[in-house]
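Notes follow once the structure below has been shown.
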Amino acid sequence: MPTLAHYLYVSGALFSIGLLGVLLRRNILIIFMGLELMLNAANLSLVAFSRFHPGLDGLPGYNAQVLVFFIITVAAAEVAVGLAIIVALFRAKQTVHVEDLDTLKF
Amino acid sequence: MNTLIAPWIILFTPLAAAAVILFVGRHSKPLSAGLAIGSAAVGCLLSWWLFLQPDPEEVLRFPWIAIGDSWLQMNLSIPIGVTVDHLSKLMLVVVTTIATLVFTYSIGYMKTEEGYWRYFAGLSLFLFSMLGIVLADNFVMMFIFWELVGLSSYILIGHYFRKDSAADACKQAFIVNRVGDFGFLLGILFLWAATGTLMFGDLTSGKGIALFAANPIYLTVACLLIFCGTVGKSAQMPLHVWLPNSMEGPTPVSSLLHAATMVAAGVYLLARIFPILEAAPHALDVIAWIGGITCFAAALMATQQNDIKRILAYSTISQLGYMVLGMASASSADVSMFHLFTHAFFKCLLFLCAGSVIVGMHHEQDIWKMGALKNKMPVTFLIMCIGGLALSGCPFFSGYYSKDLIIAWAVVKYPLLGWLSVATAGLTAFYTVRLLTVVFLGKPRGDQAKHAVESPLVMLVPLACLALPSFIAGYPFIEKLFFHVEEPTAVPHLLHPVLLFLFAVGVVSAFLLYRNAEKDPIFIPLFANRLYIDNLYDWLVKNIQGRGAAVLSWADRWIVDLFIVQIPSKIVWGSGFVLRFFQIGNIQAYAFFFGLGVIGLVHFLIFR
Amino acid sequence: MTPSFPIEFCVLFLGVVLLLADAFFPDMDKRKLAHIALVWLGGFLVATFFLRPALLWASPAGFYLADPLGIFFKQFALVATMLTLVLAIEYAPVVERAIPGSKPGAGLGEFFILPVFTCAGLMWMASAADFIMIFCALELVTISFYIQVAYLRKCPASLEAGTKFLILGALSTGFLVYGITWIYGLSGQTGLSAIAGAFAGIPAIPQSSQTALLFGLGLVLVALGFKVAAAPFQFWVPDVYHGAPTPVTAFLSVGSKAAGFVVLMRVLGPFLTVPEIETRVITVLQVLAGITLIYGNLAAMPQTNLKRLLGYSSIAHAGYLLMGVASVGSPLAGRAIVFYLVGYLLMTFLAFLILIPVAKAAGGDDIAHFNGLGRRSPGLALAMLLAMLSLAGLPFTVGFLGKFFIFEAAMQEQQYFLVAIGVVTVACGFYYYLKVVRAMYWQPVPVDAAPVEFSPLGRFAAAFLAALILIVGIFPKPILDILP
Amino acid sequence: MTQVSPLLFLILVPLVASAFIFVGSSARRTALIASLVNLVFVLALFAVFQTGDASYQFVSSTPVIPSLGIALTLGADGLSLIMLLLTALVTVAAVAVARTPDKNAGWFYASLLFISAGGLGAFASIDLFFFYMFHELALIPTFLLIGIWGSGDRQAAAWKATIYLALGSFVLLLGLIGLYLIQPEGSRTFDLRSVISMAGLGVLGDGTWVYLLLLLGFGILVSLFPFHTWAPQAYASAPPPAAMLHAGVLKKFGLYGLIRIASPILPEAVTQFANLLLILLVGNLLYVGYVTISQRKLDWMLGYSSVMHMGYIFLGFAALNVFSITGASLLLFAHGLSIAALFALSGELRERTGTLDLAEFGGLAKPMPFFGLLFGFASFAAIGLPGFVGFPGELLVFFGAFAGGEPLMDSVNGVEIFALNNFQIATVCAVWGVVISAIYMLRAYRRIFFGPVSDRWKGLPEISGVPRVAIVTLLVVMLVTGFFPNLLIRLLASTSLWL
């Protein structure tokens, strides 16, 4: 029977993987996926918390679960906008590699 | 006319004259001269009148600065007031009389010169300042006019300002006097801090002196500091260098300021504070030594000068040395004041004669270009002889009485210095006769000497007027009229014989040596070069002060500025320049820094 | 009593209507949209003054808080948006050039409409009292900003800026939600007041959970620090400011910074009630403020591009504001921060407003493009001078009063180290702001200087802002009275 | 209070005038009229002023930030009235001698007027907050004046001076905030009068650090050694009117502030750090003095000399008794006038000869005797010759400083020890400073006006017209107040310094 700790470990792992993806991968799309992964890590731990900390009435804390839905929605919106920008970028510069994006500096 | 108002009229008439000349004088020469001489004459008459009055009980006084401080329990009230006592009345008479004569003489001397109005304005300003010194009733007022005579001397020495030598001379005169005033002002501060008063009356009335009983060292220091003022103004060693250079000014100026009156102000100052000095014996010793050394060294230098005016200048220094020595050794200030009195007349006379000679020689001052002038300008010769004899202490001439009196006192109190001054007497005779012989006897040594002409009457009359007092001013009946001096007791018996002998030796040797010498038969570089003191000062000013200041200004630009301004600003700008390289433009670098920031922040938040 | 929640919905509705209008009347002059928006937003602004402070659904879990502060920042957001629209109208030609469409002005519409949506987000942020609310409002603002920053989609710089903003913004969002997760996990609540209540309930929080709590709070602080451009989370700022369209830059630097600070103050509220947490939080804030001050001011000194310079300067001002937050213990602090934000709005918008026509005329937004402006068009130069002096914090301008209040609060809290840093950085500020003044007045007029034309609306706005900078700088009393 | 103080009018005149200039009325005439109006107005104030009552007069107060006790409170007592007169005089002179530049003259005169307004406002404010704000009003005009119309390495000079002054004044601001914060909670205010009365009641907190902040801030503004290097450079490259106004008026703000704020409110702190201040001001007097001697250019020399003279005033402040403070106040006035006259004359000289290098001059008194006369008057006024107001000032400073510190000789139980306390040692240095200033001034005068005149300078035009009148006016004021210093001293006796 997995405890809260297990869930938190998993979500922590997810979060770290996402962060590493952001830090290490060169392709903006992959980086973007890493970011989504981080959000989902948060979702996982939220749900876990809401399950394992029932309120006084014995029901799970619904605030967290509401927040989860909002996060999913927002993530979707973010992806929509993000992909649009990336596509425009690709049209303009024929590249989706981060190291090509350094005209603005210093 | 009463004794309340008279001093103020005497004091301010010359100032008014100076102001008027300054504004309108440039348009008419007679007006300038007339105003100046008029103001001097008014002063002269009033002074004589005042002199014959008994000392007034009360005098007018106006507040100049008046502040009270409740914290320090001290009041600072600096009035502008006058002292009318025997001393000041005597000085008034001397100053105004001589001033009147010299002013008159100037008409002739300056006839052909430029800046006529400047000259007379300066003279009137000087007269005002000098009378201010004489009449001052407190230290600050005296200091004020002390500075003002410095200013007028600056203006008058620099009359021929287009000559580099004159320009340098006036600058030097003012600055050297400032150095003396540095001490003078400090002395005033010392006295005030201890007694809380600045009035001569309170300080000399014994009330002031009593305060010092606790701390004689303090009083000694204070007196010596005030004496610095004398050293500067009366050209004592080591601040004497400015006086010979001040001969760059017109000759009447030299005779009035730098022989008769202004340089005597230092002696007058000592006379004013004589009671305080008596309370500080150690200070008196120092003063005596400075006076004695000055009078001897200056005489030595005088023997080797070739400029007619410089010879007289050094003799002035030497005579002032006598007076200072007298102040230190005699029982009353009158002894030195007596010499000041006689000296004022005959030294002024000598300078005016020199001026007449210079005019006759078309402004040639080197005595070795003169000669045989007795035929060309007999009157001048005759009168100058009177002055010379008075200076060299020939019996029955004024100088003889006053100088011997000082020497007697000196021999009694400071034997060593006394005998030094005795030797000086011989030297005096020597250089005086040297001067007279070379200038008037022998044969002409140049065209100017051949074509020299006697001076106009306007110059000769003042000479005649001065010749009389130079002759008789020392006689007892006059002495009794002006002074109450007593002979020292226990004077060595052979003093007067020795003096007479030295006088004779000086006269004869000089006459024989120089009777028909083409050039100076004896040459002693040490004396000719004024004991190298001027060179020492030049070196100090050039190398110590100049170089030091240059180093400091370099340091200001390259050390202070560097460390206070340049380096900090450069550091800030540079670090900004470096910091912006974090902004390398790569997203992942940013994300990486971001992550570091997160770690740092969380670590800081949790583990501290 | 007028409930205040409709205001945001009205703004949102306005945005939707404008979008529809843009879609259905393709060949209208899109500037009309901007003017309509201006009028309506002005109306809403007036309306806000009739709002009574109200706590909606004021349960312990109340998530919408229309307190005076909130209402004030709704007005703040509305003003900022209106000014942005004015800038946008000035800037429209550039957009048209950057987006060659089938007909002139194609794709111009959204450029005017998106700020309206951002405005709604900002207004919700001003009232958000619950992490859910905070998150949604924040994302509404951020995402709409992604689009605006990358709006000039044929211009690489704008796209690059957009991408950077997108990635880093999403990253900070990730940290935000993860932090919220942990705070929720420890308190079991998402409402701020509820969280405070939860802490009040537990007399002494056990060490382990306190650590976890601090961890969560730390991550939230990171996200908010990103929003307000606090070092070391400021890296996006110069690049994005540089690349984004100028009106968006202005809006970004004022709107999101202000909202970020409101949220920051609201979020910190419950945590500062716990003493052992408070001290730690304050020290962290001090460190953040110090680094931000130093980085922003020093790195600004060598800049030559004005937009980039203003980017760094916005970091610097974030530093001063954080200084105020760090001395939140002082009764002066809250007011100081709000007043500073007001002044910041005035002077920043004025600077950008002048920048647009000058850059248009000179063909670039470097400082060198301002050379000789003092003789070319004295009025503009005077306004810019005023903006720069106010940013530098010279007396008789609103910028000075802002700094004065902040430093007073800081000294009252004995933050002497921060104050010392502040002194040095203020001097640096004088240096780089006066660089602009020098360009305008010392430098000669360039030979090929084109005449600067400036629309009447822009002139009016500039004069209005300049006047306000002076008036509020001399008589701040009215503003201070409005302030909560 | 509702009635409007006449001083407000005084401040507004220049501002309104510069507004007129911006809308395009002839710059020079407007500026001249405005400054003359102000001068007349100040003189009128002198006539109305009741000597003898030690409180501020012409007071009016409009609350600005009541919650912080900030109000635009204007008022004048003897000291501030004297400073106002100085400001008005120097403004007139500066505008009079100003050469209208060919490029945007409007800004030029407007900047001058702004500096003047700043000075007037600062000296007329009782409220410390506005006292500070008005001073800052002059910062940017100085920046523009030096940067646009300066000479030599003007950009570097402008940057240095501006950043330096900004830094100094910000430190000063912190000091003022500190002064606000050490007041008891609830009754905090920026009103100088009530702060002084609080100090009298002894309810203020520990003011040591406040004094240090004030000293550093004001010190930088007054170019206290070693924070002086900005001043000579700025004055050397500033256009003459700017140099006159800045060296003559603005520089006095710092010392005015110290005398106004520190001496009545924080006397303990002042005495506690007296030795530090003494060391620094001796640096001003001797170190800067000798640096001045070795200057090769007239404008640099004048700049350094103005730095040096601040030493006397600092000494007067440090000694903290009524003699020294009165002397310092007189010196504020005297030095303001003399340095203004000197900068004006050096500006005229540059106009004529195109150089200020002392080595190139000589014999100029021949072609322009009146110029030489004026310059001589100004130089002698600057070196404290009796007859000019500088002399009583220096004299009082010396007397006060020499009486400062613990008394020197104890005549009660006759101690035979002879020693000077630090104040007296500093006084000795200061008196030597008088010699130094004589050296460099006369040296410069001799180089410029004496000696043989080279053909190059034959036929230089004599000084004439408006500048001549202006400079003569300055000198006459110095002479009158120098002959009758009690005129000013009686005013100063009725300042609120000693409440």
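Order of writing sets the chain letters: A, B, C and D. Residues in each chain are counted from 1.
The rule is simple: a contact is a pair of C-beta atoms (placed from the backbone, for glycine too) under 8 Å apart; a residue touches a chain by one contact, two chains touch by 3 or more.
It should be emphasised that the depicted structure is a prediction, and the values quoted were computed from it without experimental measurement.
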item: Comparison of B-D and B-C (more C-beta pairs in contact); value: B-D
item: Per Cα centroids, the chain farthest from subunit B; value: A
item: Approximate Å spacing (C-alpha centroids) for the pair subunit B, subunit C; value: 77
item: Centre distance in Å when subunit B and subunit D are each reduced to the mean of their C-alpha atoms; value: 36
item: Centre-to-centre distance between subunit C and subunit A (centres being mean Cα positions), rounded to whole Å; value: 26
item: Centre-to-centre distance between subunit D and subunit A (centres being mean Cα positions), rounded to whole Å; value: 66
item: Subunit C residues counted as touching two or more neighbouring chains; value: 163-164, 167, 171, 175, 238-239, 424
item: Numbers and ranges of subunit A residues touching at least 2 other chains; value: 19, 22, 31, 101, 103-105
item: Sites on subunit B at which at least two other chains make contact; value: 580, 583, 585, 587, 591
item: All touching chain pairs, where touch follows the definition stated at the start; value: A-B, A-C, B-C, B-D, C-D
item: Touching residues (chain side subunit A, partner subunit B) in the complex; value: 19, 22-24, 26, 31, 98-99, 101-106
item: Contact footprint of subunit C on subunit B as seen in their complex; value: 572-573, 575-577, 579-580, 582-583, 585, 587, 589-591, 593-594, 596-598, 600-602, 604-606, 608
item: In the complex, subunit C residues that touch subunit A; value: 61, 130-132, 135-136, 139, 143, 146-147, 150, 153-157, 159-164, 166-167, 170-171, 173-175, 177-178, 180-182, 184-185, 188-191, 238-239, 242-243
item: Of all residues in subunit D, those that touch subunit B in their complex; value: 160, 163-164, 226-227, 229-230, 287-288, 290-291, 293-295, 321-323, 326, 363, 365-366, 380, 385-387, 391-392, 395-396, 398-399, 402-403, 408-412, 414-416, 418, 424, 427-428, 431-432, 434-435, 438-439, 442-443, 446, 449-453, 485-486, 489, 493
item: Subunit B-facing residues of subunit C, complex; value: 163-164, 167-168, 171-172, 175, 211, 214-215, 217-219, 221-222, 225-226, 231-233, 235-236, 238-239, 280-281, 283-284, 287-288, 294-295, 297-303, 312, 424, 428
